[in-house]
Structure formats: structure tokens, C-alpha cells
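Heads up, the next two complexes both have chain A, just with different partners, chain B and then chain C.
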Partner chain A sequence: MTEALRIGVFICHCGTNIGGVVDVPAVAEYASTLKNVVHAECNLYTCSSDGLESIKSAILEYELNRVVVASCTPRTHEPLFRATCEEAGLNSYLFEFVNIRDQCSWVHMHEPELATEKAKDLVRMGVAKAALLEPLEELSSEVIPSAVVIGAGISGMTAALSIAKNGFYVHVIEKEREMGGLLRRLYKLYPTEELADLFLEQRIKAVAGHERVELHLAASIKAITGYVGQFKVVLDENGAEKSIDCGVIIVATGAKELDPEGLYEYDGERVITQLQLEEKLRRDDLNLDGLENVVMIQCAGARGEVVGYCSKICCMNAVKNAKLIKDANPDINVFIAHNELQAYGEEYELYYRAAKKAGVRFLRFPLETRPKVRKRDGKQVVDVFHDRMQMNIPLDADLVVLSVPLVQNPDAERLSKLLKVPLGQDRFFFEAHVKLRPVDFATDGIFLCGTAQGPKDIEESISQGYAAASRATIPLAKGYVLSAAITSWVDEAKCVGCGICESVCPYGAIEVVDTEEGRRARVTGVKCKGCGTCGSSCIKKAVTMHHFTDEQLIAQERAAFATEEVVS
Partner chain B sequence: MEEVNVIGFLCNWCSYAGADLAGVSRFQYPPNVRIIRVMCSGRVDPELILDTFLHGADGVFIGGCHFGDCHYLEGNYYAEKKIEMAKRLLKVAGVEPERLRLEWVSASEGGRFAAVMKEFTEEIKVLGPIKFDIERLEAVHIAAADYKLRILATKERELLEGGNKYGEVFTQHEMDRLLDDMVQEVYESKRILLKLKKPKSVKEIALDLNLKPNEVFRHILDLRRHELIEIHEIRDNRPVYIANTREDVE
Partner chain C sequence: MQAAFDLAEAGIKVCLVERTLSVGGRMAQLDKTFPTNDCAICILAPKMMDCYRHENIEVLTFSEVIAIEGEIGTFKVKISKKPRFVDEAKCNGCGDCARVCPMGILNKFDMDLRVRSGAYVPFMQAVPLIYALDRAKCMRCGLCESVCGQDAIRYNQKEEIVEREVSAIIVAIGFDPFDPSGLTEYGYGKYDNVITALEFERLICAAGPTGGHVIRKDGREVKRIAWIQCVGARDTRDNRPYCSSVCCMYATKEAILTKEHYPEAETSILYTDLRCFGKGFQEYVNRAEDDYGVEYIRGKPGEIIEKENKNLEIFYSPSSDKVETLEVDMVVLSTALIPCGGVEKFAEILGTELDGYKFFKLKDPYNPTETTRAGIFVAGYCQAPRDIPECIAHGSAAASRAMEVVLGGSFL
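Presenting the complex of A and B:
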């Protein structure tokens, strides 16, 4: 390093939060004796405007080229102190945070002397790391102002239309010849009982007719490469190959009904699924006059039978179909055998009550004793073990309707590999964070909505479609993305191109490529998230994980217990 | 009981946040631990862990996210295998593997973080300050940087779950045997390499390390093939070797 190190250390009292336990002036006094430290001071609150001002003036006055703040946690305050360094003309990555509050004064409140010693050690470790910090840059890269939405169900259509209305070009990719997804098979929608066809027709018209929407029907995805802002999606559209460049991708591939084969004497005629029932209802080929008894079985194949989860929509769907049958012909007996009926929210609760009032009968069975379908002499009987009465109730059933769960499409596995985004335990697409980032994938620039992420009703699918569109529009509107500076870097002179780094990277950010010197690993900075697993795996130690380099971590760890070497 | 030094490497997203929550909740734990933040537990290299033991730590703690919760999807799965490798190396060097501990602590488990810190510090106090033979610990330290062990530590998961190139899946038992053999092999080789800072014959090394001369000779051939050692002189018709000090080799 050509420039002499000039480190400034700022120790925060945090009122009495730190100062009440740790002897802050003593820590500052000690810090000033450390190697390369040219300035050390205490602040009542380093994060206050006075505190920040004193960092800035010290950077100028003492020509500091590294700043260490010992206070709370980088998880909340690092951005603030980094910005302060930047304002004083110092690269923000020349800043190091030392946590002496959350991980010292607050957890050793009754041992002030030991806490003070620990604070000194932590400051010494921070200074040792700071001495090895390097300036880093966040690189800006361009975003192609268009989106790809995979799947033209209700959620995908909602997202596509929303992005198009925001002024960006959208490619909608659908594997079927028509848009609409699962909705195309539905009859009426709960709780409004409007016709699915009418509802869908308006949506399809709006999407197909929009000037900024381009449809790719009967299309399958062959390859996806690139990263946020610069994706390339290769399609097979009616046998012709087509390539689309886009900035963001939304996954809205939907779900399908579980195949009921082998469950509850399913035969597709007198034991059918709810979707098959809806198709019969909308085609009007259910013989409503000839029917006497209909029994619906909830959680068929769900909650531990075939899949582990609750499919969430089947309760209301069964309530709706039962009510529709009852409305059409009140003489038909309609039973819903369920374990726990979910009719959450006011309007669903009211709808459930309306179904009850219309004469739909509800029977609760324990999950360990599920109903059984018996066929005898052309008759069907469903044995339902009644939970309250603790006895078996045989119900005659001309028609048995199975409420089977929604499950992931079989081709999702392939798409998840193409996109390098994960599927969860239940094989549905897995979001970055259930609460904080519910429609993002951990990979930047890829979003999800609808039943591809798990069973959802139409209202939720639409809300999520809007949410995904809103998230996806952010990089499109900005026109650029900043790549994180904390990324890995490969020393090509050391690399032997073995590819072990490529095999551990969850983002495809490090890849072995052909160079003039042979096969070498190379990092795409925009894709890298900075975990550093490539670095700890590299067999030649050719990977440097910026800001958490081997040298920095070793210096920090060695400084913990080696008191003499680092004192000037 | 004597005071002990503990280093904790915590991942930014779960365990470091859990440690912060312990603070916010004022859960008290012994002040022995010094925490170092890393972005992911998968970043923690066995070599770094062993370096930490060489430089004054009596115990090393690694904290990561629970399986399925890793911010980087699978970093913690790799971490688990790397820490296991570091434990195998500690064992070969005669240091109690219990001095190294890996735990999954989520951002919401502040109480658990404090409890784990308390428990671990007490366990290390029972073990007492670390005692080691510097040559043996140094040998495993450089063994951790050896490409064979780095490949195995990283690929173990794949071999156990997905199988090798030919689809042969390893059982944990087979894997343990393979890893133990390989760790022993690399350890012996590194011990020989360290002995050869001064010129020595095969016979002298064999006596020093209590190994059979033919085993030492096998390692010597391998070390020569990798240009890590060279013949220093011929003494009494026998070659005497010395470690290569050229900087462009490993």
C-alpha cells in the first residue's frame, strides 16, 4: 500500500446504553495507542448530527483514510456511517463497524470491567481489519425496459397488464394455446358468484388488446441466461425459436389439481374432483334432476394423505359448489365432509352461512379417520366418521366430489433450474422472505405471483400479481441497477478452472469460461450476493471475497488475543 | 477455573442478528466471546478456524441460519461439512474437537443465542485453556489448505446426496472412512513437509514421526511430484530432502 494508514476511531456512549457499563473514555484512550490510529474520540451519540459532523471534520482534519465506529450494530447503522464517510470524500467501504452495545454492554451489564476489556479487544480487532480494507465501487448496469411474464393465468395477466399500464413492454409466455389458466375451467367465482367466463373474457381482452403486451402462446422456454436488467429468454413458439431480451422476469406458472387416481375410489364419473364438477356445471351437463345425494370430501389427498400442506382454497370452493347445486335444485342433499372448515374473513363467513341456510350439511371427521367410499350393487356409500357423535354415518352418494389440493406443475422443476430459483419443501416456488420480500426471489430481477408460489384464491392471486408487477417495475423505472460491491473476485493467475466454485454458487454468479490462458472462473458482479462460499471452497484459494477477505478475517481473529503486536 | 478465549464467527443474516436480539432483550452471557461478522457461515474456511486456534482461541463458535433459512439458500449446508472437516483435522492434531462448535441460531432466537454462548463458554472452561503440539496443529492448518481436503469438504454433500459421476451414492459410513483416511494421509504429508524445513533423510523422518520408512517414502515421492520438496544432498549414498522454498509453488 502506497498511502500511509491513518485510522480514526469513534467510540459511542450511546447515552448510558454503552457508557453506563463500558468505560468509554478508557476504550478511546486505548484505541489511540493502537497501530495506525491517528485519532480516537468518544461521542455521546455518534449517530447524532453532532456525532456525524465530528466524523466528517476528523476525516478532513486528520486526513483519515479509514474510519472505525464502535457503537451499536451494523445491521441498523452501517448505511448511515458509510454515507457519512462518503460525504467527507472517503470511500464508504473504508469504514469498519465495531459492535460494543448489542454484543457487549447490553449482554454483560453486571460485569463492567470485563465488558470494558472486551470492548477494547473488539476495537483492536476492528482496527486490525480496517487497516486492510480496500475501497470498493458499486457498479451501475443498464436495465432493458421490458418484462417477461411466464404464465397467462389470472395472476400473470394481472401482473402483465399492470406493467404495461406503467409504460413498459411486456412479453407474456403461455404454454397453452389460450390465456386464462385454471380460471378457464371454473364455473362461478366465490363469494360473488359471477361467471368465470365473463370475468376472464374482460381480462383477456384487456391484456391481449394492450399495445405494449406481446403474447407468445403455445410457447415453451428453452433457455434463460443473464441477470437483473439483462435477461435473455429463448422460446420455442409453435416450433420456431425466438429470443427475447428483458430486464425482469415474473414467474406466474400457476398450479394444477392433484391427480386423484387411486384416492376414494376415484373413477372420473361418479367420483370426480371439484374442477371436474365445475366443468360439468358450466357445460350444464350435470343431471340436476336425477341427482339425489352429493357428498363432497375435503382434504382429499391433502394434509398428510398425499401432500402435507393445506391447499387453502378447497373449503370455500366446496362451499360455493355445494351452494350452487342447492340453489339449482333444493331437493338434492348436499353434504360436505370436512376436518376443519376455513371460511376466513367476513365475506367468506357470510357466504358459508348462506350455504348453510341453503341447506348444505356439514359433517366433521377427525383427520385420522378419513371418509371411505364404498361401491355396492351400482350404489355408492360414503362412510363418514362423525367427530362429535363418535360414530360412523353412512351417506348414500350418487356423486362424490373430491376436494383435492393444488399441486405444483411438473415442469416447474425444469423452470426452477433454468432460472436458478428455488422450490420449497412442497415443490412450490420459494420466495426470498415470507414477510419482508413475499413476491421476490432471492435472485435479483426475478419475481413470483399466483399459485406457482402456493395455493391461492383468485383475489389473492390478483393482489399478488399487482405486488409482483409493482416490485418488478422498480428496476424498469430506474433504468439501472447498482451491483453490490461486496462480491467475489477470481485471481486468474491462481485459478485452475476446476469449477468447484461454480458448483457451490446458488446464483450462477461464478462460471468457468474459456480464456486465452485456458479454463478460468470468472465472476459476474451483478449476480454475486457476497456469501463467500466460493472462496472457502476454492482448492487453489484463488477467490477473494471482497470486504471479508482471508487477510481481513485472519487479521481480525489474530488481533483478538494478540495484544502486543497491534499496539504502536 | 481459568478464563478462556472464545471466537465466534456469525453469519450476518441469522446468528449475528440473533446475537443483536440477545442484546436488545438484555439476555446476559459470559463476556469471553469475541464476535466476528461474516456474510454467510459457508464463508468460514477450515483453514481460518485452525488459524484461530493457533493464535490464542480456546474455543471457536460458528453460527449460521437453520437449514432452509439460509439467506444464500444453501451456504449453511456447505458450512456444516466444512466444520466437520475442521473437527476431523483438530482430532488428528490431538486437540479436542469439542472446542469447535457449529449451531444454527435464527434472527429471532436471542434467548437461545445467549444460552448457547453460556453453555459453550462453560464447556470450554471445563476443557481449560487449549494445549497443543505446535507442529501437529500447524500441520493440520496447512492440510486445511490442501486441495484434496478442500474438494472433499465441498463435494461431500453432493457425493452423499447425488452420488458421483457414475451415480454411485456414498453412505455416511463410507464417506467417514474415506474422509478419515484422507485426512490422516494429508496430515502425515504435511508433517513431513514441516519436518523438511531442515534437511532430513527418509529414515530420520520415519524415526521423528514414528512412521514406517516405506510410508514416509511414499509421501516423499508425492511431495516431490508436486515440487514441494527437493533433494538437498546425498549423504552416505542416501538422499537427504529439504522443503522447497521457492515462492511460486504451493
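Presenting the complex of A and C:
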């Protein structure tokens, strides 16, 4: 570094938010005494257009080459201050953020003097780090303008069609020979009671017929490499190997019914699952004239029996099938033994009422006392403990239908490893943020939708399909992605290729490769999120985190304790 | 915001029109969110900033759409910008005007539980942080103008009409909480310590009117609270047979938060059907019951009576032959979320249809963002009850439909 350091420090009052506790002018006064600091000022709101203007003019006036802002939190405001530095011609990574709101005025609001001292300490540390900051660049990389959608169920088809309509090429990969997923086994849909076949036929036609959609049926995925913008997916399609380059990937692999073996005397004939019932209804081979009593058992295997979660769709699915049987032959007694009834939302509550009106009987059992199926002399009886009446009610049942939950497909495990994206405790794919990012993965460029993310009905699967299409279209439409500048870097002279960094990286951004010097770790900058996990786990100190180098952090720590040497 | 953000990121210009002074919506009023107990404003504020700062998003707050002409691809939208009586470009949000203003007015954002000044932002994290003057209640003292260092006060500011030409429109106007005053059996508005769930959110919020203390009108902190589910929901008396979808979970969350603040407190939730159907919800309810000791009681109360000490006695029937009572010192009504007031008029402006319960009607039930008018899409609770992640997915979904129009030129 030949250029002399010229650091500017801006201390924010944040109205009374900081200024009401911390003596802001005193902190600014103190900052101006620190080594390399040529300018220090306070602002009422550093983030207001006024405050930003004063940063820009100070950069020019005092020829600042480092900027420190002491205010609120980098989580919300760092991008703004970085952009401001950039506008004044300063590389945005020559900026350091000091949080004196959360760390001082908020947590020490009853000790204003100590809060002020701490603010001074933090500013001193920030200035010490700023002295060692280096300019960094965000690298732009190209995005291949096409998408891969894995799974051609209803959510995958929806996502694929919308991306195609947005103007981009889409490859749809499906392991079966036909599109449609779980819907192909359904009879009618709730709450409209339209035929699943007709519904699917229209959708399949629209997807298959779109000029920008290419189908890969009976295909399995052999390998996935690359990163956002530059993925390569290798397929086995009908025995032939095929390689697809794409910019984004959507996971829409769906879910399956829990295997009911061993539950409630399941035999596949007189004790069947809801899906098996649907198949009978659609093939018309349920003898509706010979049936007298049908009993449906909810939460079979769910909510603590086999899996812990509620499968969301089983109540309404049972209500639908019960109503359809009742509509076809009102003489059949149809009972639904349930615990809570998940007729949520607008339409379902009404549909539930309609089923009651059609004569479907609802019996609530406590979750601790689930129904039992007894077989005797060729007869079947379901014992249901009635919650309100607090007594056992034996129900004759020619047919018992188990509402078993949706569970993750067994091959999801393999796909999660290929994509390096996580599964949750419930084995469903785990999104980037449960609340705010329901169809993103933490890894850039990979998205998810439909029941692969968790049980959901058709409407919600469609909604998520469109949502994933929107999220995936963003990089495609932009045409480029910016890689974060704060990434890790491996000094290959120090690296021994042990692979610890590769095993801990949550983004698959660091890999051990063969080089002429032997096995060495390498970072793919576009994938790296700068979390620092690799750096802290490296036993050889071969990994450097840009913007958080050992030198920078040690300088910051030394400044925390050694006050003299940093004051000019 | 999610729809606007996705579109903007895809390079499409967006005009985001918001009726109130700040973007953020109802989520900003919540303390935490289920099932992760994330602080609502902490995870929301960065999103608000992202939207506001985005080069492709023009944010018009305190504004309403008043007319729409044209059709898909060539809509002309007329927007009324209501006067803030403050120059938006000059105000830097310092709050000096608010400090000198002598007026005290109940703050709607805090469910009328806190007094704000006549010069105000609805909450400290409001985006944009631009003050407004409540001229209807103003006594014209002129103090705000005299202290404003930015010379931003504009007493004579008028409503401004702006027009924007757009290809597609997304409606995401959210919900209102149901007002339970009409349901006399619960005594809301009559009894001191019967409050609504949204009022509870403000009470338990550390940045709220009581600094996070759940206190009664008489100043006592609570020891026993009961939540009553389905207030105004699943109720055919007033044409609201539907389920609001989120109340079981928000009541569970509020009970957990109470237990975290006051481990000794007794918390009971009186419900009809416990609807915990989303991802991680059953596990959340299990945690509430097993780890926090929240009590779930099946039974809808018939009546609540206020005792002399202002405690409340709840009468409910747990089984067909019994009536039991529960005495608590605060009742929280888990009120339904209902379509916004004035939605009929707005739908008329848009030229879209509503369903029988005033939610935006879909052209096709399996096309969850498409209204009855081509080029107008709908997102969030105003279409049907849904929770935050579903609203976010729905917002992105509507964005993709709008992208089909703008990027793909698809008018089908």
C-alpha cells in the first residue's frame, strides 16, 4: 500500500435512537484523534439523503480512501453506504460498518456513559480494520438462458410452462414415461370435483405443445455440476446419456403416500389407502351396490404415529372421497373418524359443510386413543373412541380407508446430494427461509416447489410452481449474476488437500482437485457466500477470507485492548 | 412487496402503490412469526428497504389507485397521492416536528394503544422514513414549521394525481382484522381485559406501547390468559363461514411468547378444531404443549362474564353434557382476518369480481392469481386466507404471471 491512509468516520445520532443514549459528538471528537483519521463528523441520520451527501462530499473534499460509518446494523444499511462510497468513486469494499445502536444504545440504554465508552472502543476497532481493507470486485458471470425442471407433476409443469411463457427454454425431466405425477392416480379434484384426467390432459397438452419446452421422459439424473448460470445436468434418457447446460434448476419431484404396511390391519383389499380408493373410483371397480359401511381413518401414520407432521391434504381428500361415494349411492354409510379436521381457508370449510349435508358422518377421536380395526368371522369392525361422548363406538366397515400422509420420495436423498441442497427433519426439501423464502434454496440458482417441499394441495402446488418460475426467471432475464466479492481464497502452497473445507462448505463452493502439485482445495467464487466456515476449519491456515482476513481481524482485536498505539 | 421485488429484479419497471404511509403491511405490526419465532420487523425491514431502494421500483406511499383505463398490455392507472403536508424530497426523518407537536392522537399502527404526535410516522422503522402531518386534528400552531431544519413543512400541499402506463396490475391489498364488538357474548369493548390478538401483538412487542409487558387496564401484569379461537370465523351468523387459516397458529405463538416472558403464567387456548396443517406447525404445537405447558381446551365459549376484580369467567362446554368455567385475568380474542374495508369499491375501480365473502374471485380455481379481468393478477390474503410463506409464494406467483405479459408478450 503506497497511498497514505485517509480515513473518514461518520457517527450517526439516528434521531434519539443512538443520540438519546450515546454521547455522539464525544465519539466523533474521539474518532478524530485516531491514527489515519483525517475527518470525523456526526449526522442526525447518516442514512438520510442529507447524510449520504455529506459522505460523498467528504470523500472528495478530504480525499478519503477509507470510510467508517458508526450507526445501526449492516443487515439493513450496509448496501446503502457501500453504494454511496461507490458513487463518490471509492471502491465499496473500502467501507467499514460499526454498529453502535444494537451494541451500545439499545443494550446499554440505562448506562449512557458506559455505552459511550463502548461506542468509542468499537469505532477504534473499526478504524483499525479499515486501515487494512483492500478493494474488491464483484465479478459478473454469464447465465445460460434456459432452465431445468426436475419432475413433471402439477407444480413442475406449472413452473415449466410459466418460464417458457416468460421467454426462456425449459428442459423438463421426468422419471416416469408420462407427465402428471401423483395427479394421474386421482379420480376427482376438490373442491370443484372436476375429473383429474381432464384437468391433467389440458395442462399436459399446454406444456408438451410449447415451443420452448423440451421433455425428457423416463429419464434419470446421473450427475449435476456447476453453479448459478452455468449448470450441467447429465441424464440417462431411455438408456442414452445426455448432457444439458442450463442457468437455473427447479426441484419439483413431488411426494408419495406413506407405505401403510402394518397399520390398522392394512391388507390392500378391505383396508386400503385413499389413493387406492381413488384408483378404484376412477376405474369404476368399486362395487357401490355391494357396500354398506365405509369408515375412513384420518392421521393414519401421521402426527406422531409414524411421522410427526400433519400432512395437510388428507382431511379434505377424505371429505371429497366420502362425499363422492355418498353422492353416487346415498344408501352407503360413510364415516370419517378424525382428530382435528383441517378444513382451512375459504373453500374447504364450505366443502366440508357440503359433505356433512350429503350425509357423511364425522366422529372425532382423541389422538391418544386412535381407532382400532378388528376382523372377526369375515367381518370388519372399527372401534372409534368418541371424544365428546367419551365412549367407544364400534362401526361395521366393509371397507376401511386409511388417510396416510404424504412422505418424501426415497430418491430425494440422492438428488439432495447431487444438488448439495438440504432435506429437513421431516425429510422434505428444506427451503432457504421458512417464512420469507419458501421456494428458494440457500444455494443460488436452485429453486423448489410443490410437495417436494412439504404436503400441499393442488392449488398451492400450482401457486408454488408459478412462484418458483418467477424466482428462476430473475437470473435468466438479467442474463448475468454477480458473484459476491467477499469470498474465500486458498493459498495452494499451504493447502495439503485434506478436504475438511470441502466437507463443511454448505454451498458446495470449495472442492479438492488434482493439481500438478498434488491435491489442493479450490474455490468457485460464484458459489461462495463468504460465510467463512472453510477458513475457520482449515488446519493449515491456507484459506483466506477476503474482507475478513486474519490480519484485519487481529488488528481489530488488538485495537480493542491496546488504546495507545492507534491514537495518532 | 415480494411481487414488486421479483419483477424489478427481472428488469421490469414497477410502480408500488401503498395506501398507508409505509410499505410493510400487517406483518410490521406483528411481534414474532410462527413457527420459527423470528422477529417480524427484523426480517421484514430489509425487504422494505430492498423494495424502496430498488432502481426499478417507484414507491408511492399514502397513495391510492382511483381509476384504470385500457386493457392488458396498455393499462393507464390513475393514482391519487394524498398530501403529507411535508416535502418528501426534503424530509430527512429527523423527527423534530414530532417532538414539538403538542397534539396527542391514538396511533392506529399500535392498535390505538399508544399516543403519537400530530406529525408522525406510523412506526420507527417505516419506509420511507418521511413524516406526515395529521391536518384533520391539527391546531395550526406552526411549531413544526418553525423547527424543521430542512424547510420541509408544506401546509398548503394538495392532493396530486399521477398517471402510469403499465402492462399488468397486481392487487395485494391484504386484510383487516375482524372487529368483535358486535359479538356481545365476548364483551369486547365492554370488559376492560378482553382484547384482540392484534392488540396482544403490540403489547408483547418490545418496541410496542408497553415495552413488551402484557399488562391489563389496571396496570397489573397478567398471570392467566385465555385465547378464544374462531372469533368471527367459521360463523354463519354474519356470512363468514370460512376459516381464517392462521389463528390457531398465531394463538399458539402468542401463548408461547407469553410463557417466554412470564414462565409462571397460565395460558389456555379454547378451540373448535386445531388447525396446524403447515410445514412445522404440528411440531410447533407439540412444543407449545410439552415444553411450554400451553393448555389446549376443546370447546367454544358460550359466554364471558366480567367479575368485580375485572377478571373474566369463561363458560364453555368440553363435552355434550357438561358446562365448565375458567377464570382468567385476560382474554385474547383470536379474531378472524377479513377482506379490507372498501374492497367492493376498489374492485369496481379495477373492474374485477369478488366472491360471496368479498375475496377477489379467481377466473379458474386452479389458476390461483388470475382475477376475472385479463392482465390483473391477485396475491396474498385478499384472494383467500393464507399465511406469510403462502402469501410470499403467491406474490412471486403473481409476478411470474405479470412477467409472462411483459417479458413473453403472452396475453393469454
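In the analysis below, the second predicted complex is superposed on the first by the 568 of 568 C-alpha atoms of A that agree within 3 Å, B and C clash if a C-alpha of one lies under 4 Å from a C-alpha of the other, contacts with A are read in each partner's own complex, and residues count from 1 in each chain.
Heads up, the rule we're going with is that a contact is a pair of C-beta atoms (placed from the backbone, for glycine too) under 8 Å apart; a residue touches a chain by one contact, two chains touch by 3 or more.
Predicted model, so just to flag it, every value in this text is computed and none were measured.
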- Message: Contacts for A:S162 in the overlay, against chain B (first) and chain C (second): which applies, first, second, both or neither?
- Response: second
- Task: For A:R75, select first, second, both or neither according to whether it touches chain B, chain C, the two together, or no partner.
- Result: both
- Task: Determine, under the contact definition given at the top, whether A:L114 touches first (chain B), second (chain C), both, or neither.
- Result: first
- Message: Which partner chains sit in contact with A:R558 here, chain B, chain C, both or neither? Use first/second/both/neither.
- Response: first
- Message: One more residue to check, A:D50. First (chain B), second (chain C), both or neither?
- Response: second
- Task: Determine, for the superposed model, which of the two partners chain B and chain C contacts more residues of chain A.
- Result: C
- Task: Scan A:S141 for contacts with chain B and chain C and give back first, second, both or neither.
- Result: neither
- Item | chain B versus chain C as contact partner of A:T369, first or second or both or neither | neither
- Message: Once chain A of both complexes is superposed, is A:T533 in touch with chain B (first), chain C (second), both, or neither?
- Response: first
- Message: With both complexes overlaid on chain A, does A:Y344 touch chain B (first), chain C (second), both or neither?
- Response: second
- Message: Show me the chain A residues, by the header's touch rule, that chain B contacts in one structure and chain C contacts in the other.
- Response: 75
- Complex contact set, residues of chain A against chain C: 15-17, 44-45, 48-51, 75-77, 79-80, 162, 165-167, 189, 191-192, 199, 303-304, 308-310, 312, 340-350, 353, 387-390, 426, 428, 433-439, 453-454, 458-460, 462-471, 473-474, 477-478
- So in the complex, which bits of chain A are touching chain B? 73-75, 99, 101-104, 106-111, 114-115, 117-118, 121-122, 125, 422, 425, 442, 486, 498, 500, 503-504, 506, 529-533, 535-541, 545, 548, 550, 553-554, 556-558, 560-562
- As the complex stands, chain C meets chain A at residues 6, 9-11, 33, 35-36, 38, 43, 45-47, 49, 53, 89, 92-95, 124, 129, 150, 234, 241-243, 245, 273-283, 286, 298, 319-320, 355, 357, 359, 365-369, 384-386, 388-390, 392-401, 403-404, 407-408, 410
- chain B to chain A touching residues, read off their complex: 5, 7, 12, 16-17, 19-20, 22-24, 26-31, 34-40, 42-48, 51-52, 55-57, 68, 71-75, 78, 82, 114, 145, 147, 150-151, 153-155, 158
